[in-house]
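Shared between the two complexes below is subunit A, which has subunit B as its partner in the first and subunit C in the second.
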Partner chain A sequence: MTATRLDVPARPRTWPRTVAIAGAIIVITLLTTLPALGGVEIDLGAIARNWGNGADRIAKLMRPDLSILPRTWQPLLETLEMALVAAAISAAFAIPLSLWAARPTNPNAPFRVAVRSVLNIIRAVPDLVYATILVAMVGVGALPGVITLVLFDLGIVVKLVSEAIDSADAAYIEAGRAAGGTQTQINRVTALPQTWPVFASQVLYSLELNVRVSAILGLVGAGGMGRLIDEVRGFYRYDALATIILELLVVVIAIEITSNVLRKRLR
Partner chain B sequence: MTAPAIAPLAIPARPRKPLVRAAWALVTVALIAAWWHLDIGLRDLATLPPDIVHYTRLMFTDPDLTALPDAFFQTWRSVAMAWVGALLGVVLSTLLGIPAAAGVGPWWVRLPLRGLFAVIRAVPEVVIAIIILTVTGLTPFTGALALAIGGIGTHAKWTYETIEAVPSGTSEAVTAAGGNLAQVIRWGLWPAAAPELMSLALYRFEINVRTSAILGLIGVGGIGDLLTGYTQHRQWDTVGVLIVVVIAVTMSIDAVSGRIRRRIMEGARVRDVERSA
Partner chain C sequence: MSAHALGAEAGGAPSASASWPVELKDVTVRYPNGVVALKGVSVRIEPGEIVAVVGLSGSGKSTLIRTINGLVPVTEGTVTVGDHVVSELRGRALRELRGHVGMIFQAFNLADRASVFHNVLVGRFAHTPTWRTLIGAASPRDREVVMRALDSVGMLEKVWGRAGALSGGQKQRVAIARALSQEPSVMLADEPVASLDPPTAHSVMRDLERINQERGLTVLVNLHLMDLARQYTTRMIGLRQGELVYDGPAADATDADFEAIYGRPIQPRDRLDR
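Our next item is the complex of A and B:
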């Protein structure tokens, strides 16, 4: 008997809130999909009209053209090199920055807030936007790509590591202070070794992301695999694009697995 | 003992692990080789700081405010793309992510789904958009679809991980009371997983706001489109304005969404006061 009553448990007091939340979601969705307001015009008709065109190319995608493979090695190598170099540079910068951005390792509040604000701003700019602007500034090549990746990595690594320092048990720092150490000595002898596993894990994660991001940076001229993607896209060589995607897939998944194994060992 | 152990701790040496040392040596060699092979000239590096100062001054000292209304309009388009993409992506990911959770779907459903998520995760959104635009054309709708499909990779993974993290007690209770799989999901898993899933959905929107600006660079519209155009024409005074708009909008959306997420995960602030008292 009770089973029938359990089927519809009455939740009398939550329905106004549910309606309000659902209403808000519906209103925002309507606002974002109204073409009159410049929103996203959900045009299913276009899909139907262009289907023949698209189906053709998707059929091409299904038949990867492996003959492009030899031409991909050089850009792929460049992509991986950019990812590695950028991860290393950002790791070097991230050590002092994370210590400056965390409360226990930097008691100077205005300085800490300044470091955090700069990093928040760095994080708010999307990676390809950096790449576009840097390519215009320093020219086409690997250098704008590496700088983009360094900025991108700094945003992530410093945020996560400094948060880890903030939430970690600060007893070891108090011990350092009790022993009469200066803040720099305390940071080097206690905070740094303590955060090492988190730090290494985040750097590995950023390396993983770097491979993914650097693969597309070439679209705006910042070197690596993206340049080739842009080229085959320009010639509508979707069969070649399929090969490149498959190759990226293998590399990204291989790096993800390696990095996961390494990160598990770090814990 | 007598010598202060500061210097060796700065680069923690682990002398009893020759394998780790070998790995570090390997990484160092790879790093040097990569740097050398990338062929980044020292002359480029030397001119880099003055270049950046020069262009930063061009961008921010004399901003061209006439572009402001257009910048806000295009940013709104990007945000609209992000929202529609997040909504579609979250619905799809939830539908696909629930059967991919251990204890819900059988292994022959779980494994292919997880494989699919891994594949989507590995393909950048821009590449997905390039494929989609062959069917939909260069419209913001393409961007939204690319965000939705690209989002499935990570979001469905978060979904099944969240569901797997739900303590099994409630679902066992539903099963013991004679509930079938659908009832277990509805009454055993969903109530416990919903807050975190809602919070992740908002987080997905935050990520999409950043990605949608990128998608503009391939021409689907939005602030990215504008940025590429003005950067290629080297109209730095306008580029500066656009960047400030992107940063301001992204940070305010993050702030609002972050506050809502904290409210979802931690409850009303009143309860916090009670707990800490």
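Our next item is the complex of A and C:
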């Protein structure tokens, strides 16, 4: 190696950009937090004044009352059933919708935009709103909960799967087109198996979310654990609530472990 | 179309239906971003010819070959394949024409997670109603055609394996089987060996040569390597910056001819076997 000097090009200056970005973040933060400027009101003093009110509840939560356990089996089972049924139904609908919402598998722009818009609307409505309306429409019980979860899952699964299709290499689609295939044929024979792992992975994720969400849905009468949570909370039985939370935690972790094992096998 | 299908039925193999001529008349292609990829190219390829399209990358080879099956629409001029004017075809008629034109690609373009069988079944799309594809029930004849196509490239034993598990040379053979299962009248190949090592490249070129000789198929193959063009094809078309600059027998093409096509002196990387 001779020590000839390399003609290294000058490194472009990036610090003005970095300073500008940092400045913008600081300005936005200030604008959104200063009440005088119409920002959100955050009263840190309130935490110091009020935290004692919650302390006794936290203390109760630390001593779970296991005697509630026998009463939880039935609602827990209902929650799991709702989660599973909703994940399965939404998966069936999500297969064609995901393919229609992604560019490589649906080159028809107006159709694609229509599918995406409908799903954006479905995703924009909070799940509690669905549950409240559906409870009024179809009555108290598991059914409004299941429908809510299906809508909730559709929004998530279709968005994540169609984005995965958008970003994946889709050269095989050109081959299908060159062979004279319709888009439906190409999607069915090649895009579907190609998308299968990410699809299954997102459906498992939605199952996991369903258990958490359905615990909340019971608050408005949409079945499952939530109804029991609402009841024990109403009687200030935070010790019993702790048991229920622990139980849900165990279930969620069990589902997560199972789905991780399944995901590894899918690759 | 039905006549071809009947002929193949009698033979029981994905034999060539009648081989078709390809003709480009004053073809210009301008992409939406303003790039002019082909400028007034006219060329006629007779049925059963094996023709190399030679040029550097960016010379318009890929565009030329894609005008033949309508993957790239022409801006001006006409492309005729058999008795079909490609630029006039839309929808079903265009898909039917594509069914008669097999194509293989530099990057193989297989669905890696799908089985070899399903990848080759793609070649039957134009001959299969969409509902049948949707329910996933390949007809016995489609199945037979797929198996024979795989057998003819020596890949039958891999039929139920995943395409992604194959080597590069094996993938290109599966891609050839996919094109053959179309029972095509014209075969297009876009840099089919550019992603392969030299021995594999030669065997894939021999496969194309064999398809041309045994089935009498019209074959157009894009190449940037001069020795492959000389060795495996009978006629050579040279493209430089979208214009046709050479048309003649491949074996007689001199180094000076290649230098004229490339627009620069010959370099070692212009040959596969250096």
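Just so it is clear, the second predicted complex is superposed on the first by the 213 of 267 C-alpha atoms of A that agree within 3 Å, B and C clash if a C-alpha of one lies under 4 Å from a C-alpha of the other, contacts with A are read in each partner's own complex, and residues count from 1 in each chain.
The criterion applied here is as follows: a contact is a pair of C-beta atoms (placed from the backbone, for glycine too) under 8 Å apart; a residue touches a chain by one contact, two chains touch by 3 or more.
Since we're looking at a predicted model, the values are computed, not measured.
Within the superposed three-chain model, A:Arg188 lies in touch with subunit B and with subunit C [touch as defined at top].
Once chain A of one complex is fitted onto chain A of the other, the partner contacts of A:Val140 are absent, as it touches neither subunit B nor subunit C. When the two structures are aligned on the shared chain, A:Leu160 is found in touch with neither subunit B nor subunit C. Within the superposed three-chain model, A:Asp127 lies in touch with subunit B and out of touch with subunit C [touch as defined at top]. Of the two partner chains placed by the overlay, neither subunit B nor subunit C lies in contact with A:Val118. Of the two partner chains placed by superposition, A:Ala200 touches none, neither subunit B nor subunit C.
Look at A:Met82: by the touch rule set out above, it reaches subunit B but stays clear of subunit C. Using the contact criterion defined above for the overlaid structures, shared-chain residue A:Glu174 touches subunit C, although it does not reach subunit B. Looking at the superposition, the partner that touches the larger set of subunit A residues, subunit B or subunit C, turns out to be B. In the superposed pair of complexes, A:Leu69 makes contact with neither subunit B nor subunit C. Once both structures are placed on chain A, subunit A residues 185, 188-189, 193, 196 are touched by subunit B and, in the other complex, by subunit C.
Listed in rising order, the residues of subunit B touching subunit A in the complex are 5-6, 9-10, 12, 30-31, 34-35, 37-40, 44-45, 47-48, 51-52, 55, 73, 76-77, 79-81, 83-84, 87, 118-119, 121-124, 126-127, 130-131, 134-137, 139-141, 143-144, 177-178, 187, 210-211, 213-214, 217-218, 224, 227-228, 231-232, 234, 239, 243, 246-247, 250-251, 254. Across the interface of their complex, subunit C is touched by residues 171-172, 174-182, 184-186, 188-191, 193-194, 196-197 of subunit A.
For subunit A in complex with subunit B, the residues that touch the partner chain are 3, 6, 9, 25, 28-29, 31-33, 37-43, 46-47, 50-51, 53-55, 57-58, 61, 77-78, 80-82, 84-85, 88, 120-121, 124-129, 132-133, 136-139, 141-143, 146-147, 185, 188-189, 192-193, 196, 212-213, 215-216, 219-220, 229, 233, 238, 241, 245, 248-249, 252-253, 256.
Subunit C contributes residues 69, 71, 94-103, 105, 107-115, 118-119, 121-123, 125-126, 128, 130, 133-134, 136, 175, 178-179, 182 to its touches with subunit A in the complex.
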